[in-house]
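Below are structures written as structure tokens.
First chain A sits with chain B, and in the next complex the same chain sits with chain C.
And then the complex of A and B:
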């Protein structure tokens, strides 16, 4: 079946998610390589391409990490073709060493790097405005506002990239990437050229990187010229607006909604900028002439805001006196995601037409109702999740070890182990693989009097992504720590993309699996393996690891419960022997629901016993090993 | 504010370094766990009056009241609780004597009680590795014999007993150190329904004399460099004037100056008032004989405390299981002096810990007041 995103039907309108629109833009642009490491809100771009790949003349891969992904995609652009990579903000941090060299060496095809930021860090460990990289790397930056633009500007980004010989950054945010809107499709590309590498024009910045830098400056000035006439920048509104909103990206919707809600279209104008680096100065200066009060509306940092203010400062002589309001003035928040209410309140205040966005009484009412009706829910691991069992074992082992051992961790589903889901057992969490790196340092401090055992924790996908150099480093320097790999056969947090251990690729081709245990043994680590569902064996293995002098690897191997469910029948069925359940009484105290807290277990307030929610329970049976009386037990399923 | 039992054990016992790792709490409740010689609170529990608190030998109780019923009033001593009789004993079976720590009295008696059907199983400390032990259910003579020998680190046998008592039918005997004997006595005396359920299964308690035990990790560390802890087959502490720790290494014997290992003593032992395992049916320790340690090390001193203990010893004697001898002149007095010394040290340390001379934490006010303060420990 032909994937709908690859259909050849120009002018047809499709309802697309922002990320799908970007994927369609990539298809229309005829990219030859799409490579990425998953991370929300960016994952659906390459997920969509991977699903459509068999209809496309395109190599699509989930790469081992973002830096490698960008390098793989750049290869297309070094041989005259088009390549694309997509990543979330954290991924860009990983890739940027390559990016901030490639800007100088340039390219000969088209290379687009889609960056999806996550304001508020809804599915992230940090909040960051990646647009600042455009300024640092002196690279063109495009910011689509609508779903149509998401597709069209992606295609245009390739053209621009080829014109300038530079990678182009396309910036999205969660609200654009994950929302849906109508998109009119464009034509599909013709046949692609044949890649070839021209050895006479190498991509090497040395011996004179400054010369390459000079060429980059020239390119970016050329880019500015191009942006001056870009249709992605426009003004709409009255000729002499009381207030001019200068906006970009998802800010456009907040602006439009604010204006419409307050009926301010005769007073307020909107200057929408789609090319935010380098800024089209002539275009901006022309429109600033009619402004008296400017409000900047953008997600993240005051990026467009400071660019425009800088421009104004340089040209103030020829401009009217303008008062600026933005994030710098505290008129809009510098942290967290924007929302229409913020705009409505601000415009109402400025133009003296206050409108209660949401009455306080209503808000209080909702809060009270929520408190009463909705149970408190922490972030939790799924029923049957091996990580719950792992953290339980870690908790027991560290407590029994008694030396106040701690866990350096990183990013993945298991990152929730820093909170109630994992009984706060994970104690550091920064970048991918940084648990191993931080532990490598902690493991040195044990020689200087740190008398707490050091544990590092890392998922399987994260292991390949970034833990390996840290482990090699630790091995070389004799760091003393226990390294746990939570191998659940999945890159689960981002949507089950394949990783090098799984023997398959993004497009479903068989691949030789790269075994974690073999890699660790090759690095010289003693490697132990255990099934986290077996709590006792896992606790004991961790205890042994804690007591063992010197570095060690323990692989906790158990397929993610969601993957297992997709693969077939659960291993069993958990049932309750109510006669044996002592519930709240001494000797249990609702161990399963108050301490272990698997969402598959509930509490029956009438019988005062545990209750199994068979719709949620996966039958993993870990709770039967926690139940002190044997009231919870597994029953074979036919 | 109600303080939950879990919090009390966590703060007052574990937090104050009073935990003896008897394992009572862990045997009663999954909110506690044990590993080697360590017991740890694992998950917060909110029971207001839990069985753990009732059984814990370091939560307040009146130890003197607990042993009062064992023997007639005139046989209760200040220094070492009920004493019906003191014997010097050893196993007749040479194999048991060779395996046993001293005279093999405990192993011989335990095997005999099993064969006589006085108990269905023993809970005993079996070696886990060279320096630590695990509680084990012994249902055969061979299993009992496999537990012979002293492990000088705590083994949570009370936890082992409770686990077995809740799971298995039958009546159990337990070989236990003084702190563990106190836990077992508290379990027997409590009317907490969970503890009653376990107490019904407790038939016999053989106590071991105990000066103190080592922390497993600390002892390994103290020994490493001198001997390979993995090669150690046994340990003993001869009478105090030897000032040494005997270390048996695969048939060979070496000795380590006591001063090198005292730092490895379990901190909780400093607060223990009982040297002779007062709340037991019989208590067994090493003997003191005129021929010195080389002779005495092959014998035991056995204190008969309860009627049940007396009957067992008589039957064992009649059956030719044990050799019983009158203790040498003054033996009981010496033992009392040593026991009183341990009591005084504990009371001093407890008052220091509570920073209040009248507050003895887990012991009642005025406990041990009548011990003469002029006597000094042996």
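And then the complex of A and C:
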């Protein structure tokens, strides 16, 4: 079957996620390589391409990390073809060392780097405005505002990249990448050229990087000229607006929403800028002439805002007196994402037209009903999740050890171990793989009086992504710590993309697996392995590790319960022996429910005993190992 | 065709109930009718047993924002009762209509015995009181009768079609279902859709 995203039907309208629209733009541009490391809100771009790959003349891969992904994609552009990489904000931090050299060396074909920021950190550990990298790297930056632009500007980004010989950054945010809207398809590309590497024009910045920098400056000025007449920048509204909204990206959604909700199209104009670095100065100055009050509407940092203000300061003599509002002075919130409400409130205040609210009786009544009746929904590990068992074992082992040991960790489903789902057992969490690096440092402090055992944890995909250099470093310097790999055969949090240990690629080709245990042994680590479902063996193995001097690795191996279900691995069955469960009289404090917190196992308020929800329980049997009376039992399934 | 422009619809429930698929099917239906549709959603870690919500906004003329303003919902489809009430708290108003599943999905704190889930009748009563009309569907029971609780989302779509709370032409809606569901599960899903329709006709 032909994947719908690859269909040749120009002018057909599809309902596409912003990320799918970007993927279609990549297909229409005829890219030859797409490489990425998964991270929300960007993952669906390469996920979509991977699913469609068999209909495309394109190499699609999940790379080991974002820097390698960008390098792989750049190879296409170094040989005259088109390459693309897509990543979330944290991924760009990883890739930047390469990017901020590639800007100087330039490229031959087209290279587009899609960056999906996550304002509010809805599925992230931080909140960052990646557009600042465009200024630092002096690279062209495009910001689509609609689903249609997400597709069209992706295609245009490749053309611009080839015209300038520079990588082009395309910036999206969660509310564009992860929302869906109407997209009209364009034509598919013709056949691609043959790649060839021209040795007479190498991509090398030394011995005179400053010369390469001068060429970059020239390119970016040429880019500014191109942007002056870009149809992605336009003004709509009255000739003399009371308020001019200057907006980009998803800010356009909220600008339009505010104007419409208050019926302000006669008073308010919208200056929409799709090319935000380098700024099209002549275009902006022309429109600033009609402004008296400007409001900047953009997600993230005051990036467009500071650029326009700087331009105004340089040209103030020829311009009217304008007052500026935005994030810099806090008229719009400086943290978190924008929404229609903040725009409606601000416009209502500026133009003195407050918007209708709910009747007071309704407002009070519904608030009271929600407060009285609506419980919170805490995050929990899935039923059968090996991480719950792992954190239980860590908690037991650290308590039995009694020296106040602590855990340095990082990002993945197991990051929930920092909260109630994992009994707050994870105590540091920054970058991918940083648990290993931080623990390597902590493991030195044990020679200076730090008398607490040091544990690091890291997932399997994260291990390949960023933990290996830290482990080599720790081995070389003899850091004293226990490294736990939570190997669940999945990059689970971002949607089960394959990693190097799984023996398969993004497009389902067989690949030689790179085994974590082999790598660790090759680095010289003693390696132990355990099934986290076996709580006793795991707790004992961690205890041994805590007592051992020097660096060591314990691999906790058990397939993600969701992956196991997808693979059709038959679930087991846990049953309750009602004669043995003595409920409140047990003295265990309802350990199976109030402490263990598995969605498949609840407390029955009527019988006052445990209750298994067979629709949710996967039969992993971990709870049977914590029940003091043996009332929870594993039953053999046929 | 649609009573308001944009028509603001919320589909809410708990991660794992098929909230996203239900909103995608509705969205595709209206795009095929020549409308502009935007769907915004909560996702990410909230998939794992947390509260989830899709905002489906339909317009004849413009591409709406992926988030609607507070208190501006026209219709709430709740796959889980307290999630419907939660949404009324932020997006409700005296003219909103609600179509709600009656079966609770217990939060972790209730399973752990720390809190109690409120009486469902109380939750439904409040939803009725703070909406213009409340339609109740035993969607999970119907789905379990067909073999799987996961079908409740399609039962709710059938109920929605029969309720006429949104203008969904039956034949075209079935075509969208056929185009959106895997062939091997289509028959079961079409049955779920039909039983949802019947549940509303008995209403």
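What to note about this one:
To be clear about the criterion, the second predicted complex is superposed on the first by the 614 of 638 C-alpha atoms of A that agree within 3 Å, B and C clash if a C-alpha of one lies under 4 Å from a C-alpha of the other, contacts with A are read in each partner's own complex, and residues count from 1 in each chain.
As a working rule, contacts are C-beta pairs under 8 Å (C-beta built on N, C-alpha and C of every residue); 3 or more make two chains touch, one makes a residue touch a chain.
As the structure is a prediction and not an experimental result, all values here were calculated from the model.
Of the two partner chains, chain C is the only one touched by A:376; chain B is not.
Contacts of A:125 after superposition on the shared chain: neither chain B nor chain C is touched. Shared-chain residue A:402: touches chain B; no touch with chain C. Judged by the touch definition given at the top, the superposed model places A:588 against chain B, while chain C stays out of reach.
If you count the residues of chain A touched by chain B and by chain C, you find the higher number for C. Legend: residue contacts after superposition of the two complexes on their common chain; A:15 is shown touching chain C, with no touch to chain B.
In the superposed model, A:253 makes contact with chain C only, not with chain B.
Within the superposed three-chain model, A:634 lies out of touch with both chain B and chain C [touch as defined at top].
Shared contact residues on chain A (touching chain B in one structure, chain C in the other): 594. Within the complex, the chain A residues that touch chain C are 13-15, 40, 122-123, 146-148, 175-176, 178-182, 250, 253-254, 256-257, 260-261, 339-341, 344, 357-359, 362, 365-367, 369-370, 372-382, 413, 416, 493, 590, 593-594, 597, 599, 601-603, 605, 615.
By the touch rule above, chain A contacts chain B in their complex via residues 395-396, 399-402, 423, 543, 586-589, 591, 594-595, 626, 628.
Residues of chain B that touch chain A in their complex: 28-31, 33-35, 38, 40-47, 49-52, 192, 194. Touching chain A in their complex are the following residues of chain C: 14, 24, 27-28, 31, 36-46, 48-51, 62-71, 82, 85-86, 88-89, 92-94, 106-118, 122-123, 126, 129-130, 149.
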